[in-house]
Amino acid sequence: MRTPIGYSYCSLRLSRVLWRGRGAILLSYEPHGCVLPEFRPTQFAMFWVPGLEAIPLAPIYASRDRIDFLVRLRGSTTKSIIEDPPRRAGVIGPMGRSFTPSARSMLLVAGGTGVASLIPLAAWAAREGTRVVLVYGARTESELAPIEQYLGDDVELVVATDDGSKGLRGTAVDVARAAGLEDFDIIVAAGPPAMICGVYKLVGSQGLLNKFYASLETIVRCGMGFCGSCMLPCTSSLLCREGPVFPGTVLGCWVEEECSLA
Amino acid sequence: MRTPIGYSYCSLRLSRVLWRGRGAILLSYEPHGCVLPEFRPTQFAMFWVPGLEAIPLAPIYASRDRIDFLVRLRGSTTKSIIEDPPRRAGVIGPMGRSFTPSARSMLLVAGGTGVASLIPLAAWAAREGTRVVLVYGARTESELAPIEQYLGDDVELVVATDDGSKGLRGTAVDVARAAGLEDFDIIVAAGPPAMICGVYKLVGSQGLLNKFYASLETIVRCGMGFCGSCMLPCTSSLLCREGPVFPGTVLGCWVEEECSLA
Amino acid sequence: MPRPAGFRANSGCPRVESFYYQAGCLFITLKPTAQKPGALRVAVLRIHVAGLELEHPVMNASGILGSSPEALGRLARAGASALVTKSFTKEPREGYPTPIAVPLPYGLLNAVGLSNPGLEGLPSLVKAARRLGRPVIVSIAGSEPGEFAELAAAAEEAGAAAVELNLSCPHARGRGLELGMDPQTVGEIVAAVASTVKIPVLAKLGLVDRLVEAAGKALEAGARGLVLINTLRAMAIDVYAMRPVLGNRVGGLSGPAIHPVAVRAVYEVYREHNCDIIGVGGVEDWRSAAELILAGARAIQVGTAIVTRGEQVIDEIVKGLENYLNEVGVKSLEELVGAAHKQ
Amino acid sequence: MPRPAGFRANSGCPRVESFYYQAGCLFITLKPTAQKPGALRVAVLRIHVAGLELEHPVMNASGILGSSPEALGRLARAGASALVTKSFTKEPREGYPTPIAVPLPYGLLNAVGLSNPGLEGLPSLVKAARRLGRPVIVSIAGSEPGEFAELAAAAEEAGAAAVELNLSCPHARGRGLELGMDPQTVGEIVAAVASTVKIPVLAKLGLVDRLVEAAGKALEAGARGLVLINTLRAMAIDVYAMRPVLGNRVGGLSGPAIHPVAVRAVYEVYREHNCDIIGVGGVEDWRSAAELILAGARAIQVGTAIVTRGEQVIDEIVKGLENYLNEVGVKSLEELVGAAHKQ
């Protein structure tokens, strides 16, 4: 039930395990006796695993009657999800702000589970007529989730693996560099901090930081912004409210903490 | 605010005293910081007088931003209302079921405050294309509220006073008898018990009870049917839920109690 | 004209559908005599609670349509598995001035004031209600153990299936929540009643600090089950009239607003005492009923939802629970009682 | 590359709007230094409460954006008239496992678990928060009088304008509602704090049986004001997972669902003690705020509505109250405090 307070809780039941990769799994859930709230691009959810805890996850796909999550090994809860996907679960959301900029062209640079956040954005933007290039990097083929199903025909997907086992050999950052950043109105990165740092440095060195956005991760507890856990370093921005996508120009402290710029 | 539970509370402020009659007053209120719920024909309200109590009243007129009440002297609360109309009040509603039958022709027989219940019905039915004759009786002219403003052009109003000071001389029942009951698809009476009894006897004696409906009054406390005060004698009908309009064929016990049929 | 006998309220009237006079004659329509109200439920929902055997777990809450046989008849026809009367006190009570009920955005605020005909009116109501073919649970409210015992004895004699001790009315001074706040008093009242009557004794407790302890005292003293919870003491003020709206100023809040509080109360009491509980508080659909059952309730009372959605909500909840049992693949409601406590 | 100094959280960062690196250079955007957040309110809403002089009566409730200077800065910019910190305990606390907040149809259920950096983190937060130019009310939670006193002393030293004693957290064993349930304990804790610090002491009490008595003890012991009420102990169960959803299983219910209960609590305490009260519970607009004021509150805390509607709700309520005062023709909020008690 959609609540007057903007957030809602909905019970989920596992409908399919869509993919198992190295240290990752792609799960499809359906609402159970409730209607899923609308998730707009880059909004995320708290995914509750009964008996364990709730973790912040951006749905890789969400509609009224289906929600898919890409889960990567991080700690004990994600380990349990991967080993034994919960048949029953719950979802709280939507959290954060949607990021839906109008642009002629958009370069999305994704690594790891970061791709989950960018796929709804890519699909949405392509439908809006934006030229979308999605760079999806991983260490090796077995880590690449089958994301094509979510993208539609109009997103240009460029896959890269560190070992060259699939797509281009190299990192997502390498591919982004080669893609010619100046051709894009908007550049968005989502993934491991090192990757985001790489793109940050790249766009910064080319003087393109004003085009750059990053989908970040912080510690998320309440997910609604009141507990303060998701505060971005030395800003007053709450990831759960103004995020998860932030413009490059406010990332200073985050970069300070996460990236070695030396 | 209209609540999910069907009933709502709304603050009122007095906007005009429309009429003062003998032992009666016609008041116009507007909602104060809230939206009035919709009152359909014959539905009623609990009208709260701060510092006194709440009394059941059928609004003689109700829209989203105005609600008019005809109040007649009955006891201490109505006395206070008539002497000193409350500038601030509250309304709880809507209560009861709307009575909106489709018919080619309808005879409405009203006395006293009963007219408040029938005026929205008359106006509605006339708009629906029904031929509506409203007989409005009182003892004397000074008791007749200025109801014309609420009726529109298509309702045929027949006024009667016991003393002939206005309209026909005689009771509403006399007029109804003279009107030719068999010409109407539906006959509705609302007013003092003696009047309803008169119409009941009249229609019964002509074998027309199946066309007859009465808008009754009972003790109303919660107004929502749970306290049971408004139970119609020896039926399981609650005036606040199935009423206030009941078909003639279920009025047996009410007639037993209220009318001397000898 | 001779008065038709035996049609008046309280005396067999329910069997008369209607009667009227027309063209000098008296016409009477009779109801089918062997009226079997409500659909026969499949056995999955059958449940024993506090010595009562119920077709399914859904009944009315006290104070909702429980003041006359006709009102209880509506509940029976709507399919309630048991019929709970309005609270009886020893002396008749008029109740509070109106308004006695104020709708709020997420609940209902009421202060009826325990209006009832007193001990004298108890037997006739219970006897008439028994003809409806459902266990009749008589709610009683007193100010001290003897009064409760006297009322309970009258209820038993009249044929009540159980008595529900109202130890939690949030707006009746001296005969409500104050009693329930003190576990010792709760124990004494329950003991007095349980030693007087043989029918099951249910203690209805409200939201009090020492609820778990009071529940324990009630059980020790012989309560066969607990009814949890009553309304929450609350108030609404009209900001322009600048006065509390209820005639009694303070009343009890019911409806969806209090449901999470009821779930918690049932959960905590069940965890400690593993006893028979009838859950009440904001149940408006099968899901809110199921939450109380998973928390530990064996049966459910519905109050505000009957007011706001009509009596048919009872049947909707019953059907919804049937579907739910199928969905989660259990064969008996029993298996779900307190299931949220398993780890 | 040298690290830019003085920009980190907790150390003056609020004056830096943003900084970033581009093309090898560090770019810094500074905020205007003499930032005067929030519109200047007209005087009608100015109010004294418990020794604090406030521009208007609306502030945040403890636990809402009160864990860092940046979070409090958001509230200051949104126009809160005072800034209430999250509760500090002596030792740091991690808090409960997630989920710590579950949205319900008519409220929010939470069990954060008093997560906070402990006494050690108190001074830096308070000192930084003071720069926001609003009275800082430091919420503290302990298990016995000495602990409360120690925390209060630290708050005073750091420059707090007042301390709010959390005697009502519904889900922190031994340091919450249990304390508030016992008027004696309430009195002892308040006395210990009031004899230690000179700044005003506020006692935040929850829904307990002997609320009026506990309030009296707090006032006797030196509390300058009361904060009423806290969340209600409650639970939500997922009917398919068959488990309580909150990590801590039990939590506190806030939001519109509890507002009528808060109005009643404020009304009853004010009637008895005619004291300074800050009302909390389900305030989501000027009207729900006005109800608490008419019941007896001199100021209002907003919690759930900030979560569900954003910080701008503070300003909406303030503006709404201004209009309301005009509408009812009073010149000062003062005139409305407790007005619902007049007959």
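Which chain is which? They are A, B, C and D, in the order written, and residues in each are numbered from 1.
In this section, contacts are C-beta pairs under 8 Å (C-beta built on N, C-alpha and C of every residue); 3 or more make two chains touch, one makes a residue touch a chain.
Because the structure is a prediction, the values reported are computed rather than measured.
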**Asked** Which chains are shared contacts of chain A and chain C?
**Response** D
**Prompt:** Just how many steps, at minimum, does a route from chain C to chain D need if it may pass only between touching chains?
**Reply:** 1
**Request:** Quick one: report the Å distance separating chain A from chain D, using the average Cα coordinate of each chain.
**Result:** 34
**Request:** Using mean C-alpha positions as chain centres, tell me how far chain A is from chain B in Å, no decimals.
**Result:** 63
**Message:** I'd like the Å distance between the centres of chain B and chain D, where a centre is the mean of that chain's Cα atoms.
**Reply:** 51
**Request:** Would you mind listing the residues of chain B that make contact with two or more other chains?
**Result:** 33, 51
**Prompt:** Going by the touch rule set out above, which residues of chain D reach two or more other chains?
**Reply:** 104-107, 236, 239-240, 242-243, 256, 287
**Asked** Contact residues on chain B for chain C in the complex?
**Response** 1, 3-9, 11, 13, 32-33, 46, 48, 50-51, 53-55, 88-90, 92, 200-201, 204-207, 209, 221-228, 231, 233-236, 238, 241, 248-253, 255-256, 261-262
**Prompt:** Hey, which residues of chain C end up touching chain B in the complex?
**Reply:** 1, 3-4, 7-9, 13-14, 16, 18-24, 27, 29, 63-68, 70-71, 73-74, 77, 86, 95, 97-108, 110, 112, 115, 236, 238-243, 245, 247, 255-256, 303-304, 306-310
**chain D-facing residues of chain C, complex** = 104-107, 109, 181, 207-210, 232-237, 239-240, 242-244, 249-250, 253, 256-258, 260-261, 263-264, 267-268, 287, 290-291, 294-295, 324, 327-328, 336, 339-340, 342
